[in-house]
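Following this line, the structures themselves.
Shared between the two complexes below is chain A, which pairs with chain B and chain C, respectively.
Our next item is the complex of A and B:
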């Protein structure tokens, strides 16, 4: 049945992706929710939370705030927090609640900027899309607000967040964004990185260091890679002949015959049953969907998929 | 500019009064900091009970979470626990569902598919809990009607009940953890009363086997039931035969009231306190009300002895107390202060009903500093000002990493004299180990 999950737990949502890009940049990140979404982000999807404190807060919306659309109350909460907390910008991150009540982000941005004089980024995530979407939106907001285009940064790696890379993630700083210039080498290290790199309108390289480390361990045979698309492409570039399946975005520039974007649990099962693969490279959480597969399974942990680090 | 976490002394709060508690200390007045305590409430994982875990307290039940993907994201932590294997299922909502509400029509089919899937594996559930979230709260979804449609579609004895994971209603009249308890006990049907049966209700893990159960058995009670000790659905249903309910957590009060109205089961409320004298007083009142006689002299003496032993071993021992623990931090602070211990800091969320503890604490320990776990300035909390020797509560360990900590947050609930004795002994042992 479409949308029914009997084996897998939900994947990292767009709002977690947005925060993973913005985390540690020195902004006041306000997740427009009642508390549960922030709890899932800080308590589960954001591994840096337990080590590095960052100003990520829930808007603490209550039912009547949402029903009556009390935007002024939210503005006053943010203004009050900014009197006591240092921040170089405010980022408003959407959740299902503002999506349901059709929050006017532009109006909120204007109201907060007028009240506080601090730049406001709005990221209209809704908790129903996936993390790569949210990461791409966050990069776009950062570029629109902070990139001058005339800096002298040598290289920037986009999309290397904990949700794709786990402990091997790499943070981009606000200065990096400000200093992107005409000669900056751009590397897209995951699906969101491709989207972000495209929005810069410049040539870019596609490379996953995580996949590169794994390439030598993959035996020959017919290989299915179910991971992030950049992970799959990097293996392919390393000489592994493989089909790529992904629950996340699959860009045309990566897609080849045999590659597929999947959504449901059954789609993966059918792919394995009918594909005649000798090797599967994927997170172990997908194994129960591949009952009867007799080939070799190479575990490739993917936090956004399974929550495994 | 140096930034600091907002705090108030107990004396200042007492001076301001119950109606003027500073807004920084209250829930629902500002942006919310994701402290360990806030996360434990908003995103409970393997420890503690949120709506998802609580909703599965009924034996032989499973849960279908109908929501945007984000709401079920952290469930993988709970799903990995053996007792929750094959018990969580998801029906993912998309943007079209949000606009059209079409997901509601798919729920009965999804429930049938889940039940059929489990039946094939030989694990047909007796109850399906449908967990819905903020989105359906705002859409005004009539879940009773949806659940009825599911039961009609199943056309068997499987019961379908709604679980409301509405974080939007945290400070409301029926917050999620109150509502979920009402849902669980709404499954009970009227049955013949057994005068020798008693229920202990309130928590989702059992009360530690201690003097309360011993006294009840000594007074002639034959069956003491708790939801967490029922191994089958049939056994759970027998909770409807109880002569009375003992309420050990105020969040189950509404469910107890429902049971008194619908099933004719009266209830009596016992509060977990850490003061030996008040514990004895409460048991005496309970015995009088229930028409029973309790002898708890041995347990009372043991608790007193444990307190004295700790005081003799560590005179002047000073605590910092968090709120992720099996106690009310303000009540615990007051009890410790009454014993003569120091309480330097409390990390809690103050509410008007807790003011009574703070006002009394102010008389004994006016300089105790009170922080709110939800206040954004907790980002700047600095423990270096504290002179505590030990911290209590899992969240307190986060704030005070350099001193010994007792998490005191097991699922099994300590209670009464036995709880006091165990806590005092645990503190004694932890301090001894820390100073060895």
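Our next item is the complex of A and C:
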């Protein structure tokens, strides 16, 4: 049945992706929600929460805030928080609540910047898209606000967040963004990295270090990779003939015959049943959807899909 | 690009004024887009020969994801690109959210960038009742608000609310009030009342539209007066207003 999931849990949404890019960059991150989205991000989607300090707040919206559109209350809360927190920027991260009540991010940015003098990044995530969309929006907001384009940074890796890579590190700092220059080598290490790199308008490489580490362990045969698209392409570039299936974005520059973007559980099952694959490279959380598969399963944990590192 | 939002009390003649103004701009050789922001979705009907246009929300609710502006619009008199946001069944859902969803879609389709219109007109339902209905005057959309009113008490009351709402948004970079259009209903002391209102708010009455059978008779034929009877007085007033807004009058 379309839209019904019996095995997989909901994937990391776009607001989690946005926070994943911004976490630890020294900003005051304000999630415009009642509290649940912030709880989900800090409790499930952000593995650095217990190890790395970062100021992540919920706007704490209540019924009357939504009914009355009390933007000025939010502005004063943020100004108050900034009296106690030394932040390089304020990031407003959207959820279904502001999407539904039509919050005007441009107006909020103007009001907060006028009140505090600190740059405000607005990321209009709505909780209805997936994490890679939110990551790309966050990168674009960072570029718009901090990139001068004249720096001397040697290399920047975009899209290497815990949601795709599982580990606790992010490869980018705020200074990196400031120092992107005409000679900076750009590497897109996940789907969001491709979108971010495109917005820079410069040539870029596509490479996943995580996939590269796994390449030598994949046996020969007909291979299906169900992961992030860059993960699949990196295996392909390493000489492994494979089809890529992904629940996230699949860019034309990566897509080859046999590659598919999927949304339903049944689509993965049908791929496995009808594809004649000898090897599947995917997160083990997908195994219950591949009953009857007799080939070899190579586990490739995908945090945004399963919460497994 | 001239970007104008037309507000006013329900039933005061916003759609009539907006579509005649659109037709006037088109008759002056301008490329025009008119966006109806009302669940009734009847803003552009007299630019389209009396044929209703399928609203954007009607298209989106079927799960269709339009990939071009052509899929959600129609060309009417003088090449005017007509769009209706539409909205939910009365009593259900959120009409303001419908406007935002439509605007988001038009942004994604890069309508203005691709079409490069000279004039964009937003015809907005009644008062500024919620964030969704203020969307047309947010940064990036309309730059000026024209308020349609007669001398009737409730029309002026609504006009006052609109002025107040726009003033409340001063710190947000929203549109400003560009003037009042007096749509005559021929009530006693009408002209004096409307001019007094405008003076009180520090704005100008930028056009007076006479009560006119020409407008009604043309609408019965599915046309604006500017299309059907371009030489009548009402049409000439609309053309004069268009020139004034373009800085040519």
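The rule is simple: the second predicted complex is superposed on the first by the 306 of 309 C-alpha atoms of A that agree within 3 Å, B and C clash if a C-alpha of one lies under 4 Å from a C-alpha of the other, contacts with A are read in each partner's own complex, and residues count from 1 in each chain.
As a working rule, a contact is a pair of C-beta atoms (placed from the backbone, for glycine too) under 8 Å apart; a residue touches a chain by one contact, two chains touch by 3 or more.
Because the structure is a prediction, the values reported are computed rather than measured.
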Partner chain(s) touched by A:244 [first = chain B, second = chain C, both, neither]: neither
Chain B versus chain C as contact partner of A:107, first or second or both or neither: second
First, second, both or neither for A:142, with chain B first and chain C second: neither
Most chain A residues touched (candidates chain B, chain C): B
Partner chain(s) touched by A:37 [first = chain B, second = chain C, both, neither]: first
Partner chain in contact with A:90 - chain B first, chain C second, else both or neither: neither
First (chain B), second (chain C), both or neither touched by A:69: second
Partner chain in contact with A:9 - chain B first, chain C second, else both or neither: first
Touching both chain B and chain C, residues of chain A: 100-101
Residue ranges of chain A in contact with chain C within the complex: 69, 100-104, 106-107, 110-111, 114
Chain A contact footprint on chain B (complex, rising order): 1, 3, 6, 28-34, 38-39, 41-43, 45, 67-77, 79, 88-95, 98, 103, 106, 109-110, 113-114, 117, 133-135, 137-139, 165-172, 374, 376-377, 379-380
Contact footprint of chain B on chain A as seen in their complex: 1, 3-6, 9-16, 30, 33-40, 42-45, 49, 53, 55-63, 66-67, 77-78, 80-81, 84-86, 95-97, 99-101, 126-128, 130, 306-307
List of chain C residues in touch with chain A within their complex: 94, 96-97, 99-100, 130-132, 134-135, 138-140, 169, 171-174
